[in-house]
Each structure stands twice: as structure tokens, then as C-alpha cells.
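In what follows, structures are represented as C-alpha cells.
Next come two complexes built around subunit A: one with subunit B, the other with subunit C.
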Partner chain A sequence: MTRISRKVCIIGDFAVGKTSTVTRFVNNVFSEKYLTTVGVKIDTKDLELVDGRSLRMVIWDIAGSDRFSSAEFAYMRGAQGYLLVVDGTRKETLASALALRAAVEERYGALPFVLLLNKYDLVDEWSVSDAEIEALNKQGVLVLCTSAMTGKCVEKAFRDLAKSLTGVSAA
Partner chain B sequence: MSQRLDDLPPTLRDRVSQLMAHSFNCLCVGVDSVGRLVEVFGDPAGLGLELPATGEPLEGFLPVLTGLDLSEAAELSALDLGGSAVVDLHVLPGNPAWLVLIDRRSEVAASRHFQQATNETRLVNAEQRRLMEQLIDSRAELALRKQEAEDSSRKKTEFIASMAHEFRTPLTSVLGYIQLLSARVAEDSGATEQLAAVDRAARHLLSLVENNLDQARLEAGSLVIHRVDADLRRLVDDLTVILAPLAADKGLSFGAYVEDEVPQNLWLDDVRLRQVLVNLLSNAIKFTDEGNVSLNVSWRDGWLDCEVHDTGPGIPENAQARIFEAFARLEHSELKPGAGLGLNISMRLAQLMGGELALRSQPGKGSAFILHLPARLARERDRSLVHGELGAQLKRRAGTRVPVLVAEDNPDIMQLLQAFLEPAGYALIKAQTGDEAVTRAMDQRPPLAILDMNMPGLSGMQVATRLREAGFGGRLLALTATRGSEHRHAALAAGFDEFMSKPVQMPHLLSTLERLLQDG
Partner chain C sequence: MSELEKLREILFAKEKQTLENIRERTETPSTRTRDVAEVLPGAIGLSHRKDPQLVKALREPVRESFEYAVDKNPRAFADALFPVIGPAIRKSIAESMKALVQSMNNTMEYSLSPKGFKWRIEASRAGIPLGEYILRKTLVYRIEQVYLINRERGLMVGHVQNESAVAQDADAVSAMFTAIQDFVSDSFSPDHRQLLETADIGEFTVWVLHGPYSMMACVIRGEPPRGVRDELAEILERINLQYGEALEDFTGDSDSVEGVEDLLGECLLLEQLASGEDSKKSAISPPLLIVLLLVGAALAWWAYSSFQERQRLQAFRQAVADTPGLVATELASDGRVINMRGLADPLADDLEQVMQRAGVGEVAVAADMAPFQSLDAEIILRRARQGLKPPAGVEFSMRGDTLVASGRAGAEWREQFLSRAPLIAGVASADASATFVRDEELLRQARMALQPPAGVVLGVEDQILSIAGTAPQRWIDAVPEGLESVDSFADIDDSALVPSELAALDRIVSQLDGRTFYFASGASLLDSRNTALQSAAIQLQEGFALAELIGRTLDVQIMGFADGVGSLESNREVMRLRAEALKRGFVAAGIEADRISTAIAALPDNPVVDESMRKAELRLELRPAVPTP
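And then the complex of A and B:
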């Protein structure tokens, strides 16, 4: 069996649920307690692809911010794609995410990415409007409503990203 | 680096590499061009890492190598590699390329502490800002709705008032001409009786119009109570003059009594009181075919009771609640005149005057309507300005604003608390620091104090301890940005009665304050 490895990053403003999303994906657990990430945390998860290969996703969970400094740009080097996370209950985190995306594209070109509107379990308190989501869809951005708390669409987000990295679906 | 180390004698080389690894707590890993481990200096386990044997591929052990270009110098700080390894990584290109990993566990732990506090504060502020926006939005919305409701209500009132006016003018002239005519027709022509019938019908029409006008004013809230020094006995005499003949016409006996303890002058709206009593008495006469109709007026402790009693058919129990609704007519009364607004207007006037209208009745045994009104002695009235008209709740609040100390250093949150607490009937005593809170609380002794836990100077916890030591007896509520039961226990131990985490849900805060006040 061939094994391939790909580096991906997960970025977004602070406390949007990046670490929670990775922890849900990798260990299938969730904690209400907020423990902020300093620097970057590296995790791995193996996926089987339909073509029989095994994909090791090396996930760089980067400390939240609304603007990248040289340290964060250094973390992004070598990444083949990324997840862009927004906290649906704080609309300002959508603006941060879009700013990060623009900065990344300027530095590293258009990498594949999936935009996660997280905390869907709190959708009643969301401040991101349907119109904004619609506008992103129109631009061709792949948008998923996720919840690290319930697990909704977390696996799908990583699988969709894996597919855009390898051109092959996960099994 | 390897070059120079290799130049040293083997024993010395080992010694130097050991020293190096120790003093920097670092690890140097040599990697060849295809990613195999060439050489290691330092102790991987000391950093929390595990490495393969020399000559084996490294990437499986160090996932950080995925996507890492070893032909370029790079510097990556604060990498959490899993396990317990937290390092700064330097890439030195060459053959072999060197990875230098320097332990950063304690530095990262320290900056996490700081970053955590900063982010939590920003989260609380963002939430508070969101609440503020919601508050502002909902206020604007409310104001708009209120405006709309007022507009439409005003239009309706204007319409009904102008209609009523249009009707009233010709009716008045009809009544005038009836009087002129009745003076001119011969006594015995039979026309007198016919004219009397026209007169009754016209007067009835006029009273219907007046009722509609009052109803519209009540709906619009534009009917205002004007209190004066009223002479009750004179008012009752007037009623007797108007109504006794109507009763006599039907062969009923009529009696109106004012008990001795009723003061000569009372502070009330005599016009509206007269209106209600005329309505109740004329109804009683209308529906009673034999026996008597009476009015009895008594007064006790600032309350006036006017009881209208009749020996009519009575009102069945299942109809008693409905009878006060607008346009409610009882089946058996269908033949009697009246648009069904009278009792509804009477009841609403009674409420507007701060009292109530009650009914006691049994079918076959007659009915009694009791009008229960606040009526102070005319000279006593200043003692209680607010009374009656306001709802029970407002009355309670307006009379007694509950002082509450709020100690909070963030002006936004202070403003938010004020925006909610003042309309709910609290008077805020503000403090911006812990020391100020202690002084104010001991000075003014409010029954309630809300303390932010993180204030400059004395913390909320210290304030609570001091207040309790000084014998402060009010209820203490802690507001804090942190959650968790250990904080709660600590707060309760320090003398707090209740503990709430920010962002605070305002309705919850209000109900908690109510509860604390009731318990206290």
C-alpha cells in the first residue's frame, strides 16, 4: 500500500474552534473549556483513499489571529491546502477569515481551502447572515456549516479538503 | 558543525555533545537528502521525542518534516509536536541538513497564560458589545412599534370622535325641535305621547353616541381622570333627582343612602363617578320589573364603596364574567335598549380611577354591582401622589426604588447594567473600584450589591470578605468572567450569596436579584 503525506493548516481568528475541530476529527472528543493555542500544534490523521492509497494528513493548528505575522506565514509554508474557520456567532471572525485568505493567496498563491462556519449547534445565536453565506457560495467558495461540539460536518470538511489535495475521494 | 565536531577525538566529541545538549536542552538531528536519519546529538527523550535508528526514514517520527523544504534555512517557533515536545525548530540546509530543536515548554506555558487571559477578555467584551447592540436594536424596534400603535390608535380615535361629533350635532337639534314642538302641540292631541317617544329614541341615540366616544377615548388611552374635592352627598342628591322618576315610572321604589362615616369632601373625579353610577342605576332600573333599586355609599380607610342593588332577574354565574366585555349582551336582555358598552365603560373607568367594579348576583334574587374606589380625604391627598392608576407592579416599584450597589470598572458593562436595572425599579449606587465599593456599601447599606470579581485595587472577593467582616447584611452577587465550580465555591465561601458568569443574561440577572431580595 502506498502512503502519501500532505501538510494542511487550519487557520482563523482566536476561539473560533480550530483546535476543537481538529480534536473532534483526530480523537473524536470535545471540550467546552477554552484552552488557547500558542504557536502551532501538529497532529496527524490517516485516511484511506478510494484508489487504495493511504493519506496521512499532517494538520498544523495555528494560533488564532486576525492578521498573520512572519511567524504564521512561516507555519503556512509547504501547506497544500487549509481549513478557514469562522465562528458563526461572531460575524467579525468572518472578516478576519477573509483577510487571512487574501494574505495567504498573496504569499502562496490560490491553495485549496474549505471555509467552516463553526458552532452550528448555536445557530440561533449566529450573527453571520444567510446573505453573506450565499455571497461566498456564489464566489465558488466551499462553505460548510460545522459543529465541533456535535461533530456535524467535521469529518466531511477534512475529507473534502483531502479530495481537493489528491483529486481522489477518501474511502 | 559536524565537520568541526568530527575533528575532535571521539571521547571529547561525546563529552562536548553531551554538554551542548544539556546546557541548551536541545537536540541536533542530521537528515540526508532522502529524509533518513544520519546523526543525533542530544537526548530525544529529554525533549519528549522518539527517533528511529540511524539510516531509517525520519518523517514517520517527525511529521513536522512533511512539506518542509530542507534545502532552505528556516526558523519555526513554538511548535507543539505532540507528546510533550514543544520546541523552536531551526533548519540548517546542507548534506546532511541539520534540524536544531530547542526546548520551549516553559516559555510557551508562560505565554499561554497571558494569551488566554487576553483572549477571554476579548470574548467577554465582544459578547457584551453584542448584547448592547441587541439592546439598542430592540429599543429602536420597540419605539417604532409603539409609534405605529399610537398612530393607528390616534387615527381610530380621531375617526370615532369625528363620527360621534357629526351625529351629536344633528341629534342636539332634533332634541331642541322636539322641545319646541311639544310646547306647541295641543295637550290632548295624542301628539304629546308620540313626541315623547321620539324624544326618548333621540336621547337613547345620543347616549349611544356618547358611549362610543368614551369607548374610543378609553381605547386610545386619551381619557384622563381629573380629581377634585368632590361633595359626595350632593352628587347622590343629583342622582336621585334624575333617576327616582325613572324608577317611579316603572313602579319601583328607589333609595339612595350615604352612610354617616363618609367624609364631606373626597378627592376623586366626580364627573366619571357620576357617569358610572348613572350607568349602573339606569341599568338596574331598566332590567328590574318589580321591587326596588337602591344605592348605598360607604367609606373606610381611604376606600369608597358604592353598591347598586336591584331585585331584578339576576345574572347567571356563567354569564357574570362576560357581562363586562364590550358589546356583551345577555340573551334575556336582547329586547332592552343599549349597545352593550355601558358596563364595559364603567368597569374601565373604575380601573382608570384606581379601583374596580365587582358583581354579586344570583338568578331570581337580583344583582349588586359594587364600585370600589380609592378616595382620600381631600386634604390628605398629597401624602400619596402615585396611587391607583398605576399597575400593581409599577406602584410597588415607583414607591420604593430598591438601591443596589454596582461595582464594575468597565464603563460599557456599567451602562448595560444601568439600562436594565433602572427600568426594573432599581436605583444604582455606582462604584468603579473595590475600595470605592466598600466605602459606598458601608455608607449607604443597600440591600443588594453586585460585585465584579476583577476590579483594579481590591478584587470582588476581597470586597466581599471585608464587607462581611464589617457586618454588611445585604445580599452579595458576584459577576465574573470565569466559569467553573471551584470559583463558585470560593465566592460563596467569601460571603457571596450568588455567583454569575459573564456574559450575563439580563432577564436571568433580574430574576436572580428578585429572588435574592425575597430571600433576604
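And then the complex of A and C:
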């Protein structure tokens, strides 16, 4: 059976819930201490595609910070897609995320990505407006409201990204 | 033709022709085939480079074609596979044997040793099968896992591992390894270009080999020798040679690097087993070696014993065969005793001598031998010696079935030999010609030995020595001793040999016997100066000496006579006086008195006067020597 793998990064501001969002949906191979030591943690996510192939997303969970250092950017090298995570209760993290996107595109060119508006379970504290989401959608950005706590739309985020990466829907 | 058609003809004649050509090319199959043939190779190459669709499309038709071809002509495929399948099978068998020997070694070496018990406990604690634990402990090194990682993305290109290796998610490990590689490079390399090449983690060593677009990370248990790195590099080079383009453009599709894991798998074949403290592992473990040595020693001892036994038996068989008068009909050995049945001549060597010659002194021989008469030449000779008792100096030999005697032998023994030899078993005829010496040679030898004096004649005829003539008694006495150095004579004839002393004595006796000495009438006195008497006395003296020399007795008597004148009494008296008178004459001349006796002649009753009887006579008689009592 044909096996394909893709390098996928999760980036976003500090404490937007990058790690906790995906951790329930991936194969956790390494402990989180790598994030604080090496600055990156690798997980994998397997998906079956409708054409029969299997896709393994190798997920580079890159330690978040307000601004990427050169080392962190180095981890992005060769990435074929990414999940851009925003804390929906902290509006400023959206701006940071968009800035990150711009920086990545500047350095590595346009890559498929999905923007995750996380912490949707804290909808009372939600600070990102629908208009802003609409505006992003209009730019062609795929935006998903996710919740690490409930798991809402996380799987879908991976599936959407998989389709962007391979051109084939996940089964 | 209308104006319009004419116009069309003028305007589009060329295009029409072109269209016509195109139609012909598209509708004529042969032309189409030719066209496709021209572009087909290029089209296939282009399509293959562009995407894998062509491969997918061709997969099934090719498979079916292959199956069809195999079905129709299996021989061609068998021939094609022949050079490949042999080495593959041999390699497989070799690997299996290697594993078996290793397993046996490990089991033998560690199952009962203190170390074995320790490892058993440790394996039990670790939850690992004992065999696996032993293997881990006894490996100098073994390449457990190999990752081929795309350096750009950190994506795993290929991964192989040993069955026993515990592997994490290979994709995650590859990515993490790349991250750490970058992390280490960024953190510790001043120019961020140096790359991590070796990492030691407990009992593992990770070697990283870097290619142009990928790196090969080898997880090695134990401590590999440096040379292994060269072998790994060589494998990486081959991978780059074969997959260079695919590695450069690797985006995560395994199709593009299909088969790379076979090459990676070669890395796993590199391993080396430990042998105690030595890095050079002997093929066989010490306990197994001891067992094998013991078995080998037992086999060697058995083989040596059998060999010795066979050698001993063979040597004995040969010795028996070489011994005249012995015939072995059955000969077998049970290791300690040689059992023999057969025939033995009473004159043959006894078995102890045979065993000594064969050099099988330590082995007993049980023999059941029936007596027989051997016709072996040596035994016939022994039989002849026993029966014919040849004198010293006579040797026997066999010529065919003829017994030949050679040396010095007397005629009598020779006669016996010639008559009795053919009666001996194995002897058909006898030949004693070699015991004869030619008469001339014997005569020459006799002359040399005896040095006969003048007057002695030697002769040899038919081996008989004749000695004739006169010789001093001393020489005659020395003859037997002189002949000792001469070849035997059939006989010695010395009847014609006379001692010279006897001849002289005979001469004296013949001269003196009857010698007459005359007296005057009635006289009984003889002149003492009578020269005849003096001469006779000297001869008598010589006669006595000669008689004594040859051991004879010379009797001397003096007989007195009378002339018959007068009375008988007076005549007798005159006779006595005359004999006495002559004896006195001889005594006076030096003859011992008791050597001469006197006697008187007989007188007739009526004597006639005869003057010639006025005399005395010497009477001599030579007697043989009186044997000494």
C-alpha cells in the first residue's frame, strides 16, 4: 500500500493551546519536556485517504512564543503545511498568528494551512468577531473554531489540512 | 464548378491537401502504428517522470503478461532464475546454520554456567526471553535499526530494524532526530554547519552518516569497529546512486523510493558476536569445544586403537605368513587377544618368536594349531639337519626339491646322506657333489701338510690317501696331526709305509742272525780282540737302540756247538762254555749281559765228529712290542 508522509507544523502564540489541542488526536511519541528543551515535539497523525493511500502527518509542535526565533524558524524548514493556532479569547493572538503566517510565507512560500480558533468552549470570553472570521474566509483562509477541551473540530482540522496537502479527501 | 467553388479551390487548395494528408494518416492503421512507434518510448519516459499513473496503469497488464509468459514457457524463467536461486539458497542455509551454531553455542555456554544463571535471572526481571538476552549480552555489536531521513523535511524515507529491536514510531523518531540534529548543530557548531555524527546512549551507539539530501542514522547495540562505518557509508553511497533524484525531491511519497529498504536491510547484516573478552569470536564456544574435543578425542582414541589393532593384526598376519611351517586359516583380533587357528609344523618357530618379530608383545595370542608337515624349504632343511646330523662344516640347502650338501664330509657320511636324504619329507633327491674335493687338490694339500721325507710316496685316488715308503717313526707319528688341516679323505692307506728304523733293524738282524764264531778244538776261549766280535757288538748295540725306538724287542741268543769228539757230557760242557765265552766277549764289548741269553745245541745220540761244529752262533729274533699292561 502506498504510504505518504507530510511534515506539518503547529505554530501559534504562547499558551494558545497548540499542544493540548492536538494531543488527544495524535500519536504521542515524545513527552512535552522536549518543548522546553529542544523547542519542538514530534507527534504523528495517521489518516486513510479515499484513494486508498494512507497519510501520516508528522506533526512538529513548535514551542510557542510571541516571536519566532531563528531556531524555531529552522524547524519550519521543509514543512508542507501547518496548523495556525489562535486563542479565541485573546484577540491579540490572532494578529500574532497572522504575522507568523506572513513570516512563514515570506521565508518558505505559501503553504497549505488551517487556522484554528481555539478555546471555543470558553465562548463567553470569546473575543474574535464573526466579521473577522468572515474576512479571513474571504481571503481563502480555512478557519475552524476548535476546543481542546471538547475536541470540537480538531479532527476536522487535520482532515481539512490532509486534503490540502494531498488533494485527496480523508476517508 | 461554381464560382464559389473555384474561389475555394484557389484560396484553400493547400489546406485541403494538408487536411487530406491528416485524414489519411489518422485513418490508415499502418501509418498510425508507425507514428505511435516513433513517439512511444519518449511518451512513456515523460509520463513516468511526470507522475506514477503510467506505472499504475501498466501494473496489471504487465503482471498478467508475466503470468502468461511464465505459464507458457516456464523453462526460460527457470533458466533465468538458476544463477540467482542457488546462491540465495546457499546463503539462506548458511544463515540458518550460523544461527543454529550460535544458538547451540549460547545454550551450551550459558545454560549451566554461573553467568548463565545470572543472566537467566536478569532476563526474567527484564521480561525478555533468555535467548534474546543472551544474544544481547554476547554481541560485540549489532545494527538494530537504520533510519534513512530526508534532511530537508525530517521525513523518514525508509526504516529497517532487527526483529528484536524495540522501535518507536519511526516517522516521529526521524523527525525528532532531525530536530535534535538541527538543535545540536545550532547549539554547538560555531558555523551551524557541523553535523551530529555519533551519539552514545548506554549500550547503544548512534552513527549518523550524511548524504547529499539525506542522512542515515544507524542504531547500534554494542561497540562496532571503525571499519563498519566504511561499510555503512558504502551502502549509503549506493542508495544515493540509485535514488539520488528521488531523495532530492522527496516529499513523503514512499513510491518514489520503492526498494530503498532492501538496501537499508543490508546494514542489518553487519554484526559480530563476542567471545568472552576477545573481540574475535571463535566459531565454537568453549563448553561445546570441550564436548567436541572429548568426542573428538574419544573418536581419535577409538580410531587409533582400531588402527593399532589392525596394524598389530596385520603385522602378526605378516609375521605368520613369513614364518616357515606356520599356516593361519583364521586370524582375528578382539583388541586384547589375537585368535588364530591353523597348521603348525613341529619344527616351525614357536609363537612367541613370531610375536616378537611382529612386535605385538603386549597382545596375547590364543592359537589352536593342528600339526602338519610343512614343505617349506626352511622346514625341510631343519628336518634334514635333525635327521641326517651333518658333520661340522657341512651345510644343507634346497635346490627345488633336491637337498644339497656342501662342505667337507667323509665318504661314509656321504653314503648315508645319499641313501637317507630322499626319505625325508619334502626331499625328492640328494646331491652331495659339493662335499667332494678333487684328488689332485687333496694330494697337494697332503704334501703341503705332511712335508714327506725322501723315500715316502704320497698318492690320492678316489679320495683315499696312500702313504708308501720308509720314513722315520717320528714323522709317521705326526701324520694324523698333519692331516687335520687337510680336507677329509675317504680313507688313509699307510700299509706300505715302513718306519726307516725297522728297515735298519731288519738289516742288522739279517746280518747278525746265524753269525758264527769258531773255536779251537776243545777250546772255549775266544780272543777278545776278535774284530768280528767287535763289529757284531757295535751292530747289536745299534739294533737294541733301534728296537727300543720303534717299540720292538730284539731277542739275542748265543747257541754253543761242539765237534762231537769226546763224551756227550764233555761235548755239552764245551757247548756251554763256548756260548758263555762268546757272551762274555760281547759283554766285554759293551753289551749288557741280560740282553743276551745262551743255549746249547742238541746233540745226536751218536754224534759224528765234525770239526766245523767247533763254534758258537748268534741267533737274533725281532718280536713285536710287548703291549704295556
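Here is the rule we go by: the second predicted complex is superposed on the first by the 159 of 171 C-alpha atoms of A that agree within 3 Å, B and C clash if a C-alpha of one lies under 4 Å from a C-alpha of the other, contacts with A are read in each partner's own complex, and residues count from 1 in each chain.
Everything below uses one rule, namely that a contact is a pair of C-beta atoms (placed from the backbone, for glycine too) under 8 Å apart; a residue touches a chain by one contact, two chains touch by 3 or more.
What you see is a predicted model, and the numbers here were worked out from it, not measured in a lab.
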| item | value |
| --- | --- |
| Partner chain(s) touched by A:44 [first = subunit B, second = subunit C, both, neither] | both |
| Contacts of A:74 with subunit B and subunit C, given as first, second, both or neither | both |
| Partner chain(s) touched by A:34 [first = subunit B, second = subunit C, both, neither] | both |
| Contacts of A:14 with subunit B and subunit C, given as first, second, both or neither | first |
| Which superposed partner A:127 touches (first subunit B, second subunit C, both, neither) | first |
| Subunit B versus subunit C as contact partner of A:58, first or second or both or neither | both |
| Which superposed partner A:2 touches (first subunit B, second subunit C, both, neither) | second |
| Touching both subunit C and subunit B, counted on subunit A across the two superposed complexes | 5-7, 34, 38-44, 56, 58, 71, 74-75, 77-80 |
| Contacting residues of subunit B [partner subunit A, same complex] | 59, 63-64, 66-69, 74-82, 86, 108, 111-112, 115-116, 119-120, 122-123, 126, 130 |
| Subunit A residues within the subunit B interface of the complex | 5-7, 14-15, 34-44, 56, 58, 63-64, 71, 74-75, 77-80, 90, 92, 127 |
| Footprint of subunit C on subunit A - complex, ascending | 2-7, 27, 29-30, 34, 38-44, 56, 58, 60, 71, 74-75, 77-80 |
| Residues of subunit C that touch subunit A when the two form their complex | 150, 152-156, 168-169, 171-176, 179-180, 182-183, 186, 251-255 |
